[in-house]
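Listed after this line are the structures, all set down as structure tokens.
Same chain, two partners: subunit A is paired with subunit B first, then with subunit C.
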Partner chain A sequence: MDSLLIPRGVQRTTFGRFLLWLLPWSALLLVGLYAIYLCLIEGLYHTNMDNRFAFGIWIFLDLTVIALGAGAFFTGFLLYILRRTELKAVINSAVIIGLICYSGAVLVLMVDVGQPLRAWFTFWHPNTHSMLTEVTFCLTCYLIVLLIEYIPIVLKNRQLRQIPKFLVFEFQLHKLMPVFAGIGTLLSFFHQGSLGGLFGVLRGRPFAFREELGIWPSTFFLFVISAAAAGPSFIMLTTRLAEAVTRKRLVRDDVYRFLGRVSGIMLIAYVLLKTVDTLIWINSTSPGSGFPAFEFYATRSFGTWILFTEIVLFGLLPALVLLSDRMRRNRRVLFTAGALVCCGVLLNRFVMTIQTLALPTLPFDAFLTYLPSWEEVAAFLFVIAYGMILYSVTYRYATVFPQEKELSMARADAAEAPAPSFPRRPSFVTALIDRFASSKL
Partner chain B sequence: MVIDLDRCNGCGACAVACAVENNVPPAHQQANTRNAVSLMNVSAVSNHEQFPAGDTAYIPMFCQQCENETPCMTVCPQNAVDVDPVTGIVGQVPQRCLGCRYCMTACPYHARTFNWRDPEWTDGMKAQLNPAVAPRMRGVVEKCNFCHGRLHAAREKAAAAGRNEIDPADYVPACVASCPTNAITFGDLNDEESDVCRLSKSDGAFRFLARLGTEPKVYYHTTKPWVRALAERSLTRTRQEEFHG
Partner chain C sequence: MLPWVYEFHWTPFHIIFLSVFFTVFMVVAATLTTALRRTAKAHATGAAEAILWHSDFEDLAPAARSCRHQFTGDVAHRQCDHAFDCRTCPLHRTFPPLEGRGVSPLTLQEDVLGFAMPADRMYHRGHTWVAPDNEGNYLVGLDDFGKRIIGTADAKELPPVGSRVTVNGTGWKVRTHKAALRILSPVDGEVTAHGGAEDAWTLKVRPAENGNGTEHLLRGAEVRPWIMREMERLQVSFATAGVGATLADGGELVPDFHRHFPKADWDGVLGQMFLEA
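Right, the complex of A and B next:
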């Protein structure tokens, strides 16, 4: 029964081994579910958040996964709007990653708020001046767009395609994809930016407060660009992870290199703007609020090293690597640079959320520390487990990587071909396969 | 409102009166100063000098009723925070609050508090609840609103007497009424004749974090230069303050 659902022309592990793979994730899912139950039913006192640390690990990681999930909108934009057809190889994966990141973030937000049943109030009594209103509207709409984009991936399943109505529906949806990609890009632009604006508008938190450009603080634009830089890198890393787990080639190397180049271009733009923004903040915005910027870095744990790490180690360095064609041809260097980009966005979101709240504002305030409770960690692990399960099931039963079949056939051909009697130059594909086969993952 | 820090002896009567007036539930036995519901906190600050130069001041801190771009009001996604255009008081609508706590992040004075637990009163205490103020449920944010229950009562009294304006003597928040040293003066800052207006413009009057530009409507007053310097953040923070406050 299971084999009838697996796409033709690709190899999948046995059903038993697949269930074994899902087992630890399901266990993690159950632990997370219990933690969520405690927080929802008994109250948020199960977390280590308090009146001073009103946002904790959930908001920090929500902001991070939404930035990493930006690969969905940015890949869609490049493929459907700018017609970069090489990205067809990863668009399905990008949509699934986006769906996991966004749905996971919304789920955690629903646990994080004190009265989740009142979430609809934001649509009924919206405060149009609040960045959170913009985030809520755009996030909800974009999640719907992602679900619509996910449907054709599911409907491409071998058995579902035999139902004529599904086939027609999937075909029609596919024709509309550029429209959804456009809507998704617009919505993503606004909510990625609004997430940055959430902190940039905080006049009462001089560490996060930034000058306005038009009607938005500068963090609005910095978040959009950093998400556009991190998204492609995350797609690159998750695809590589899928290759490592399945022990197969899923996309060609030129796709990785293209994703790396896009990430590099966006990242160098981000680093330049972030540097200018930081200089303006140090010299004007922060002292104007009565807080010399050096005070924020006077505490031991959050020294200036954090600024250096964010802008240089996780910004300038991977940007220069990813912009070099020679560097991108080295897979190890390419993936390391991609990982640094993702670390950079993680650190930036940490600084904007956790560091902002840890720093004192009143003259008799203390520098505060916060360590998440096991319930907070488990609730977030729930999202990771849910993501792994959804991705694994979709990968098994749908065509996530269109190049997988071609690459596996090329590999099979190479294995079956008789050994050449004289040395000759290997083709590009066989050279890649040889390199892959020789490198143990 | 103007608080004379030279008169405040840190007794905490204002905080107790506030809790009783506003039906703040008793803290859970596992609660601490960072997660218990408290609309008013009194902090002790020192000039770190040895006797006889050593001195301590007590600073009551609660919602400072920001006038300009009220940080909590502008960020609330569902209009659960409002500013009364007549009185200028920043109000909170717990029945509409989502509990996202964005307003708490936005408040520079940490004057907002979240109900992390279900409120619980013992039977005896239930009988003493103030019927003019609705208790808040778990999962919502609350803060000082200058005892809106007392404001409503004063308005009702004025309406019954056929007056449009309330008598200032009828509306005094619980903290003001309970202060044994008369350190807190309350009134209309726009009324040039009032004591509160005169004190807010006197020498030694200041506002915390004034340079943020939120124009708080709570003033403090002191004749002690070191307290003033602390408030204006011109004193170097000591290592002890960095880590323990």
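Right, the complex of A and C next:
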């Protein structure tokens, strides 16, 4: 039915099965849309957040998806600025993932802040001393850049490229892509950093507060580096997931290994800096604020295990695995390490938002608990459903993985070739029979 | 945001922050405008055809991009990086012309794996041939391999008489077996006549004044190894098209072989063989 829209030489499922695949995601999308409607029209009382617990699941997951979406800027930086051409194989996927992550995060932020009709206030009357202003400006600009980077992927569709103007525009945009990659890197550096800096400047929250390096707290740099470490791993995992769903090879193994190596290098740098930062915080910053650091880990829910898990289990361990060439050659180990990296960034963002707000800071404060309402969960599931739909539709009608055709041909070529025949080593019994048969009776 | 807007402060931090924002915004806008301006310019100069081929060539599988010097054994392995336009390739110039080499008569035979490939013609990688006539024009047509894999076309569209064709630009347009194809032109020039009843695919082309000749076309000893590779490509493209293992090595293409594979992805197979993404 839609075969003329599908790229040439690649296999896609039937249109009916594709619609069936989209059905559950569309249902989830509608539920999420209803939750968003409730929160925007009737107000944030539909959530379980309050003035005291102002950062909930939305901010926690927003920070996570923005970190995971960093694969877009980092892959673009490596490909267009550092000329690592092997990343051509995943750049389109990285852009789509980035677009989904950032647009989803912006959407959820808009619901969280409320009053979308006044969203322009933050641009028109900016409070330039607020980290959030920097975040808002950078996120908006980067989202525009991602949309521009997404255009050539769409315009490469088989039917759209038949329109000469679209074809030429796609070509010209592609030639200018290094400029967008450079801007994307600059913007990402600042908004990833500012999101981290946001917690580092919370003087009233000694669990999160950090010393300044220049004008920024150390969390500014830790967020940038952790995002650069998690981004390539997330690209690796999403590509593998696409391979599993489509039951095809989409990317060559050397590309996976390269992504794993990049992730490992960034992660080991992050683990070292995070360790130094934690030691300074334990020995100087926290006692300086009047709180011995161990007090923050006295509650049963947030014991020192969380620190160990974050730095060692989800940090040092996958970093060492990803830095080993031998380990990276084992696909299962490679993807497990990539998953641990992503879990690490998820846990870090959880600690920075939820743990920071749950811990008491005044003598009369109690340990706060918070469970998201169904509307909060559904609003975020909206982003996941929207992401799945956008990715699936783009994958079906555009060339997301340029190596797909080549890999399917190589597979077919291997299937055509006769199986290699190796001379079989004779077993002891067959050797004995042969000897008996050849002997003169 | 702006000096006359409420909450604007003439403080260094405010000025620096907004300057950086406006600079980034202006760079994004200027880059996008540049892309649009270049698009309008390129579109006006008719660059779309060249861009389409450039884009198609980039998307070709590595097996389809082998350098012609691989066919004659000049290089062990090389992928073309000049979009099959040897006229601008510095490497191509370093090899002596084929005419000067001792070529075995066997390599010049006109029957190559069952395909009629006359030795007095030159061949384009997109399965077209070129033969100069006595008046200095080119006769251009679809080669036997191309005709056999297309079979009976449902519809075909020849470039109108008087129109210009360019090397690797659109020559013919064909609809066959649910596939819509464009077949690449092998030469630059103006179409002066269409072929007659004998060969409805043939065109007569007057060479362009600034045309760079036919150095990019395959000839002589290159044809046989090229066709052998094309057979391999056809075999592999069939296997990816859901047909499975086909065409035993060394065999010839049976006439009207489309009938044997009604469920094959003909669009994909023909797209690959005619170098179209």
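Quick note on the criterion: the second predicted complex is superposed on the first by the 415 of 441 C-alpha atoms of A that agree within 3 Å, B and C clash if a C-alpha of one lies under 4 Å from a C-alpha of the other, contacts with A are read in each partner's own complex, and residues count from 1 in each chain.
Just so it is clear, contacts are C-beta pairs under 8 Å (C-beta built on N, C-alpha and C of every residue); 3 or more make two chains touch, one makes a residue touch a chain.
Worth saying up front: this structure is predicted, and the values here are computed from it rather than measured.
In the superposed model, A:L44 makes contact with subunit B only, not with subunit C. Once the two complexes are overlaid on the shared chain, A:R161 sits against subunit C while remaining clear of subunit B. Of the two partner chains placed by the overlay, only subunit B lies in contact with A:G290; subunit C stays clear of it.
By the touch criterion stated above, A:A119 is placed in contact with subunit B alone, subunit C being left untouched. Legend: residue contacts after superposition of the two complexes on their common chain; A:L187 is shown touching subunit C, with no touch to subunit B.
Of the two partner chains placed by superposition, only subunit B is touched by A:T361; subunit C is not. By the touch criterion defined above, A:H129 lies against subunit B and subunit C together after alignment on the C-alpha atoms of chain A.
Across the two superposed structures, the residue set of subunit A contacted by subunit B and also by subunit C is 124-127, 129, 133. By the touch criterion stated above, subunit B contacts subunit A in their complex at residues 28, 30, 32, 34-35, 43, 45, 59, 61, 69, 71, 74-80, 96-102, 104-110, 112-118, 138-141, 208-214, 230-233, 235, 237, 241-245.
Residues 1, 5-7, 9, 13-14, 17-18, 21, 24-25, 27-28, 31-32, 34-36, 38-39, 42-43, 47-48, 51-52, 54-55, 59, 61-63, 178, 180, 235-237, 239-240, 242, 244-245, 265, 267-268, 271-272, 276-277 of subunit C touch subunit A in their complex. Those residues of subunit A lying in contact with subunit C across their complex are 3-4, 7-11, 123-129, 133-134, 137, 141, 144-145, 148, 156, 158, 161, 164-165, 167-173, 175-176, 179-180, 183, 186-187, 399, 402, 405-406, 408-409, 411-413, 415-416. Residues of subunit A that touch subunit B in their complex: 43-45, 49-55, 112-115, 118-119, 121-122, 124-127, 129-133, 136, 198, 201-206, 288-291, 295, 298-299, 356-357, 360-367.
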